[in-house]
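Multiple structures follow.
In what follows, chain A forms one complex with chain B and a second complex with chain C.
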Partner chain A sequence: MTNYIPIINILILILFSFVMMLFKDKKKIKYISIGSNLVVFLLSIFLMVYSISREVITLSIGNPNNLLGIEFYIGKSESVVTLVFTFVMLMILWFSNFALEKEVPENRISFFYVLINILLASLLGVIYSNDLFNSYVFIEVSTLSACGIIILKDKKENIKATVKYLIMSTIGSGLVLMAIAYIYSITGHLNISLIHETIVGNYQYHENAVLIILGLFTIGLGIKSAVFPLHSWLPDAHSSAPTPASAALSALVIKVYVFMLMKVLFRMFNYEIVNSFIIMDIILLLGSMGMIFGSIMAIMQKELKRMVAYSSVAQMGYIVFGIGLGTVTGTAIAIYHIIGHAVTKSSLFLISGLFIEKTGSKKIEDLKGIGREMPLTLGLFTLGAFSMVGIPILPGFISKWYLSLTCIEVGRVPLILIILASSLLNVLYYFPIVINGYFGNDNLDGKVYNSKKVEFIRILPIVLLVLAMMIIGGISFNLIELFNI
Partner chain B sequence: MERDIILKEVGKILIPLIQLFGLYVIINGHLSPGGGFSGGTILGTSLIIMHLIYGKDFIMKIYSRKRLITSLSISLIFYTLIKGYSFLSYQLHLPHPSAGVTGRILSAGFILPLNIAVGFLVASVFYIIFTIFINSEV
Partner chain C sequence: MNFAVLLPILIPIISGFIVGLSKPAYNRRNTIVISTTIINLFLVVYIVLFKNNTLFHMVKINELLNLYLMPDNIGKTFAILVSALWIFTTFYSIDYMGKGDGLNKFFMFYLITEGVTLGIAFSGNLITLYLFYELLTLSTFPLVIEKGSEEALRAGKKYLIYSFFGATMVLFGIILLFSQTQNLSFVPGGVVGILVYDNKNLYLMVYLLLFLGFGVKAALVPFHSWLPSAMVAPTPVSALLHAVAVVKSGIFALGRMTYFVLGWRVIDFTGGNRYTLILVLLTILMGSFLAIHQENLKRRLAYSTISQLGYVMLALVIFEDSAYVGGFLHMLFHATVKITLFFCVGAIMHYEKKTELSEIAGIGKRMPKTMISFSVASFCLIGIPPTNGFVSKWFLAIGGLDQGNYLIPIILLLSAFFTAAYLIPVISTAFFKGDPSKEVEVSEPKNFMLVPIILLAAINIILGFFPNWLINTIQATANKLF
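Up next, the complex of A and B:
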């Protein structure tokens, strides 16, 4: 029965999102939403325990023959990513239980819970699916539900950001569809394993076509996951959305597309094939540019949520950088950074939502002295910032350390400078908030200790996220061993 | 004298026929061209025509907003349950409806109930989209 957990996960989420539409009472909707996500989280724990002890789970759906049916492929990395995603989503739902009323109009709150269930289901679908067209369908579903949770707030900036996101991601999925059509016309398959068997022997007869396919996949999925020059929709969308929605978008949504890019590059083709094309160098270049320019643009921001959103662009740079190195360890670190960043960025977004709610201002400069008013909250923010900057034991440091080691391994030592520069730039925009929050007589003048305290039940999900972040940092060695595509 | 008397009388004859045709397209979806989506749009169109001819109050008595949402979500739940069962049934070796004789209405396994679910879903969504545009409210 454990074999079927992936599809049961998706079915539970989708089924209960439709059940929620039957109810008017918001309390019931919240219970159903949190209950279904809790069930999915528990099932994911089983799935991870089960999949660590064996090689791969393949699950045929519709037809036992994978020429005709759809196939799910769950390796160790998929199950770990699933566990982290469901955990983060559960914490976000817990947080939104208390916070959503303050941002979203009363009659739209139920939409959020419906959409977030569909969103998580489609994200899990993209992660599990071993079939290109099936992944495409899940990508479309996730895009539309992501647009839905951005526009919930019904303000001018939200509508603008959503239209921008919708147009950009439609272009992205159009490119992905075109790439799928190309690969189907060459190989006659949509199943990734079957395409792999077909293309490994005779890719050299279709070199240009393979190059086009790789380019289309990279740009199409790159737009959706906000890789540096294609990121322009991200800051608007993620900063204007309601806080739980922006946490979900930044922590989970943009990650799955990169995960699918990894599957396309390294499972559909393999390391040898993709390394013989120029595309890996371009991916590496985009990653390095994202690491530097994302951080520089984050420094220039005046609003807290926009800054955190730009920081996501920089962190996506790390993930793409790991892919671009084109080695097994590089990919493992990319996956590690996906889960590390998922827990860190979701907690940072939720904390910035609390700051904005309590101070009533979006600006960074109004956060001076916040450490006296909300000491615990800023403490958690500090831990998240430490991870982003790369203080040892926290996941940010681990990914940077292993990325540097991999750079040396592949003989590209100068790239370490980029990692170093990006870390220093991260310090420049995260630490002023912490320093101005805790220290400085001018900043602390007239602030009352613990005056803007948040109830503990509201902070608890963030505490759990930060704890999970530390655990992920602590067991990093075992985790990176597990990851392979 | 009412102004729209011709429309109303013609509507009385035409709307049942349109709805009957919509149901025919849905139920015959697995045998002839058509199916859940096309039949659902025909049903939805009949609702829109009713709204235009007889006005909002008349149709809200029969198909109130709440009822539309309920029919929408129940057909979605129905669809998910059947489709989920059919996804799981192949590998778990659960009983599976037989394909039946070609040409009969009760054949082709799950396709008929799925078509019916899709038909009602599409009809409700069609009419809801129309009301969103006309009332400019969600």
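Up next, the complex of A and C:
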């Protein structure tokens, strides 16, 4: 029975998204949405406990040896990532229960919940799928539903951002599809494990084709996950979307494509094969550039949500950097950073949403003195910022530490400088908000203590996310040991 | 009862949060702050007397993130210094800071900083020390920008950027070191040992990174410029920053790194101390040279600190046991001396609203006790026998000579001359300038301020006459190291 949890998860989410459409009452829709996500979250806990005690869960749909070979594959990393993603999504839904009305027109609210369910289902689908066909379908579904939740606000900038995202994303999907076609023509399989068996023996005979395949997958999935020079859609889309949608996009959506990339690189091929191609160096370069330039661009932003969005580009850089190192530990840290960043960035986006709602301004400079008006909220923001900057024990530090150790392991010591430079740059854009928020006479003049307090029930999901962040930092060693592709 | 080791760190932090969150009234707050610091001194004394090399594990996540406390002799000495000087500063700052609003936040961070500094003192390995070191930056930052003015914020940002830059270098060094040794604990003589023969250049890099990184907080030239800027802080904070909390933590961390992590034999083998010696000598000369040109009294003292820290750092680059004793003594003596000097200058600032050298003509008549304390501390710093400054500089010079380096005693003498050149004018202006026939009403600071000043001056004199028990204690550690 437990073997079927993955498919049950996806089916619950999709079925209830259709059920939601039958209702007109928004309250009922909210209950259905939160209820179905809660069930999925509980099932994911069960799934994780189950999968940690066993090696791997595979679930074949139809005949695995037929043309499509649709198969789910849930190892330890998949089940942990699932758990974190469902938890984050549940918190985002809790938050949006109280916040969505303020940003989105009345008649669109039910759409949001429908789309979120489909989005989460497709994200889980990408994570679970062990075949290229199914992955591709889920990637497309996730892209379209992501576009949907951006455009909900119905403003000019949203439409512009969505069209940009849609075009870029479609190019990405096109490249991925082309890569799938190539690999199918070489191996005659779509199932990742079967492709692996075929390609390991005879990749030498198709060196150029393999290089092209790797390049197409990297660029195609790179566009979708906003890897540095391909990120231009992200700041517009993530900053204009409604706050809960931004949190979901930045924390979850862009991560699954990178996860898919890892599966392609290390499960479909293997470390030995990909390391013999130049592609790993390029991935490493893209990651390094993302870490530096993402941060530099974040420093230059004047709007809070844009800044946090650019920070995501920088953090994607860390994940891609971990992949680019091309070792088992590098991959494990990349996965660790996926979950660490998921909880951190979602809480930062939700907090930004609260700031914008209470001050009525998107600008960073209008946040001066916010620490007196919303002390607890800025305190949570500070903890998130500490993780980004790399204060020990928080997840950000752990990732940087292990990335550095892996750099030494593979004999690329100078790369540590990039990691450290990037964390110094993080200080430059996160700390001014905290400092100007809490300190300075000019900043605090005329601000009334706790005057913009948020009800505790609204801030509780953020508190839980920050707590989860600390737990993920605390048990980092056990987590990193679990992760492999 | 190993848990007791954690208490002196935890209690100030907890009561800091109590002060910050419950916002007590003036009298209640003073009671809390004073009793916390006094209780803490007793706790530290208890640990010093009854806890010998007790390990206390705080968190153990893996080999790397293994945070534990282990008070040894050096840590204990530093902890006594910190907790004792904190009491003096508490009384002083209660008078100095006045009754304004928003001081609860000040005292909150003031107490937290004490806990964090004691954490540095008791840390049992480099990663624990690094954690507290980062926390120290974060907890002292609000103290530096207490005034909240534009200038204070700018100075605070400078302080943050310098500190994080330094911490980043330290982290880089720690990463490299950990990847080789898999061990960061403090062992007399270091954990590297013969591993150095495998990869000499890597260890040279580790040493330089750690030295420069920790050197930022210890105001090593060329990373010193945050220290004079941080003078915008209220005087008790500057005094603490200079005497114990920040710069001495930097020195303490440097000492840990040099003698307990890398080990001086390893550093000697890599030859890294030849480069750092140049920087240290430069620090000594440049600090005192720049101090002469400062009109503002606090800035004058700030540059003087830079120079004096150079003396202490000498002990970390010449590996001789007498230099080690001298450096360690100077670290303690400079703390008590510099805090006295700052308290005197602060008293003048607070009661007479005078900050520049030219303004204080004749102030010796108005505040005789304060200025006599200032003079006593100045003589100590210059190193006129039989003051404590003389004792420590003597050992340092001997250490230099033992190594056959005649440049070091010469630079020490030259700098002593400069020290006189920037401190004597203050005394002479205060006592001998101005109209001698004019009748001046004597107006000393209130007791909360005056008593700490006089007590500290007395401690300086006592330490100068009876330094032997201190020397013996330090010599005992030195024997283990050399």
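In the analysis below, the second predicted complex is superposed on the first by the 479 of 485 C-alpha atoms of A that agree within 3 Å, B and C clash if a C-alpha of one lies under 4 Å from a C-alpha of the other, contacts with A are read in each partner's own complex, and residues count from 1 in each chain.
To be clear about the criterion, contacts are C-beta pairs under 8 Å (C-beta built on N, C-alpha and C of every residue); 3 or more make two chains touch, one makes a residue touch a chain.
Quantities reported herein were computed from a predicted structural model and do not represent experimental measurements.
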item	value
First, second, both or neither for A:59, with chain B first and chain C second	first
First (chain B), second (chain C), both or neither touched by A:22	first
Partner chain(s) touched by A:474 [first = chain B, second = chain C, both, neither]	second
First, second, both or neither for A:4, with chain B first and chain C second	first
Chain B versus chain C as contact partner of A:448, first or second or both or neither	neither
Partner chain in contact with A:408 - chain B first, chain C second, else both or neither	second
Chain A residues touched - chain C or chain B, whichever exceeds	C
Touching residues on chain A, where the partner in the complex is chain C	389-393, 401, 404-405, 408-409, 413, 416-417, 420, 423-424, 427, 431, 435, 438-444, 474-477
Chain C residues within the chain A interface of the complex	59, 61-62, 64-65, 127, 130-131, 134, 138, 141-142, 145, 147-150, 152-153, 156-157, 160-161, 164-165, 168, 171-172, 175-176, 178-179
Contacting residues of chain B [partner chain A, same complex]	69-70, 72-74, 76-77, 80-81, 84, 86-88, 90-92, 138
Residues of chain A defined as touching chain B within the complex	3-4, 7-8, 11, 14-15, 18-19, 21-22, 59-64, 69, 108
